[in-house]
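These are the structures, in structure tokens.
Both complexes shown next keep chain A, but they swap its partner, so chain B is in the first and chain C is in the second.
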Partner chain A sequence: MGSKEQLFKYLLRLGDNALIQGHRLSEWCSRGPILEEDIALSNLALDNIGRAQALLQYASEVEGNGHTADDLAYRRNERQYFNFLITELPTGNFAYTIAKQLFIGLYDVILFEALCKSTDVTIAGIAAKAIKEAKYHASHAGDWCLRLGMGTAISHDLLQNAINEIWMFTGEMFEMTGWIRI
Partner chain B sequence: MVSQIKYTKPQVLRMLVDVRDPEIPVLSIEEIGMLRDVVIHENSCEVIITPTYTACPAMAMIEKDIKLTLTAQGISQVKVTTVYAPAWSTDWMSSDTKEKLRAFGIAAPLHSGCAAAEDRPTIVECPRCFSTKTTLISQFGSTACKALYRCEKCLEPFDYFKCH
Partner chain C sequence: MATDTQFDLWEVFIQGKSGGHHMHAGSVHASDKEMALKNARDLYTRRSEGGSIWVVPSSAIISSAPDDAAMLFDPANDKIYRHPTFYVIPEGAKQI
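For the complex of A and B:
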């Protein structure tokens, strides 16, 4: 694979993670446990869709086939998406979503801090923007983990069960794809 | 090369003072830091903007408002370019801008980079009664760029423009 195709696939991977995560979060819109949390989760969804838009826009420019960001987001077959499995897990209950948010949020902070130093100026630019949002996402999930974990026996168990179930999906985040060195 | 655009960059910047953030109509896009540059080309005028948040839903409306404003002044070829770098920061707001925010009922950002837990603002002043006895209700308020607080003195809820 040429480096252009490697870059394209890498951008798809970054973009797909944000896209799928954003859509899963948007399922909470109008179904949040409390009004403030409904708004918060919808805002987190929006940040992810914005990030997906920026990354897939760049992917479409790198590909150079006349596809738009929307074409890449919505007109591929399901086997042509490169997102981590953790992002497409069902929404589940609130504790399950918070557990997912914690793992993904903390990973995103590490990832985008590193990508801020990318030699690709467009990726570095998007990362510099994404890191600010990712920090808020991680602190939101962290707050709720404490609240649920130290809340009632029920909230504690719901969160612990979610962590136990989702933990195994985090390994994929650290697998080398061999697509690109950044 | 003589541009067919009969206005200078400072003149175009003055015209754009009327373009507002629809969520915060007291601030122009320059005051909020979204307007990055104006470039006068041979036959067209290019306006460079940056979003506050990557998914800022006001971007399409702002782009349309820029085009409408400049077209009304006789500039027929207007191009709006969105850039992500350098990443928008609330540090770009002047103290005058922050006071406009407060008068509008939104507590102004205290400092930058306070997303990390240890840097979180400890005291956010109520924009209405100036009490410092306030409580964070939600990190994400009416829009992604604002958090929701409640004043324990006047009991009013209010938005806090988050540091970014």
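For the complex of A and C:
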């Protein structure tokens, strides 16, 4: 596999994570616990869709066979997506979404801080924007984890159960398997 | 009055640019100050409206009573000398 192919697959992986996470978050639109949180979650969704757009746009340029970012986003079949499984887990209840947001947000902060130093200037540019968003996403999720965890017995249990269920999906973030899912 | 089930109310003030005043932008519901700040950010600064946010519990704001309006504000009506436009700007004054 050539380096161009590797770069393309890596961009798909980054882009798909943002795309799928964004769409999962958008499922909260009009269903948030309160109006303000509904808008907050939709904002987070839009951050992800914007990031996906930038990454898949670059992926389409690297691929260089006339596909657009939209083609890559919406015209592949399900086996051609390379996102982490954690991003496609069902939206679930609010605590479940917050637990996902915490894991993904904290990972994204580490990832995009590193990618800001990428020798690929396009990736570094996207990362410079994404790191600001990721910090906000992690902060938003962190605040809510404290609220739910130290709230009522019910909110504590909902969050703890979510973390117990989702924890196993974080291992995939640190696999060094290239683009191939095994 | 129906019970508000949407957390406490906070007033939001946004500073448009550095050095400017924080202007009242609206209100948000939130259960604590961190949530109020984030909700204010998400509701009122999504289109680059500002660079600084204040949030204040609505309950901390004291407002004047409408019945006192005449006592408080009418005496200002005939004091035109309190307006800068009452005065003639001297020739050559660069700034007033």
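Methods note: the second predicted complex is superposed on the first by the 177 of 182 C-alpha atoms of A that agree within 3 Å, B and C clash if a C-alpha of one lies under 4 Å from a C-alpha of the other, contacts with A are read in each partner's own complex, and residues count from 1 in each chain.
Here, a residue touches a chain if its C-beta (ideal position, glycine included) is under 8 Å from a C-beta of that chain, and two chains touch if they have at least 3 such contacts.
Only a predicted model underlies this, so the values are computations on that prediction, with no experimental measurement involved.
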item	value
When chain B and chain C are modelled together on chain A, clash or fit	clash
Superposed model, chain A: greater residue contact from chain B or chain C	B
Contacts of A:Ile39 with chain B and chain C, given as first, second, both or neither	both
Touching partner for A:Arg147 - first (chain B), second (chain C), both, neither	second
Which of chain B and chain C A:Asp120 touches, first, second, both or neither	neither
First (chain B), second (chain C), both or neither touched by A:Glu88	neither
Stretch in clash, chain B with chain C, out of 4-12, 40-48 or 130-138	130-138
Shared contact residues on chain A - chain B and chain C	36-37, 39-40, 43, 139-140, 143
Interfacial residue positions of chain C with respect to chain A in the complex	6-7, 28-32, 34-35, 38-39, 42-43, 46
Chain A residues touching chain C - in the complex, by the definition given at the top	34-37, 39-40, 43, 139-140, 143, 147
Chain B-facing residues of chain A, complex	36-37, 39-40, 43-44, 46-51, 53-54, 121-122, 124-126, 128-130, 132-133, 135-136, 139-140, 142-143
Sites on chain B touched by chain A in the complex	51, 53-57, 83-88, 115-117, 120, 137-144, 148, 162, 164
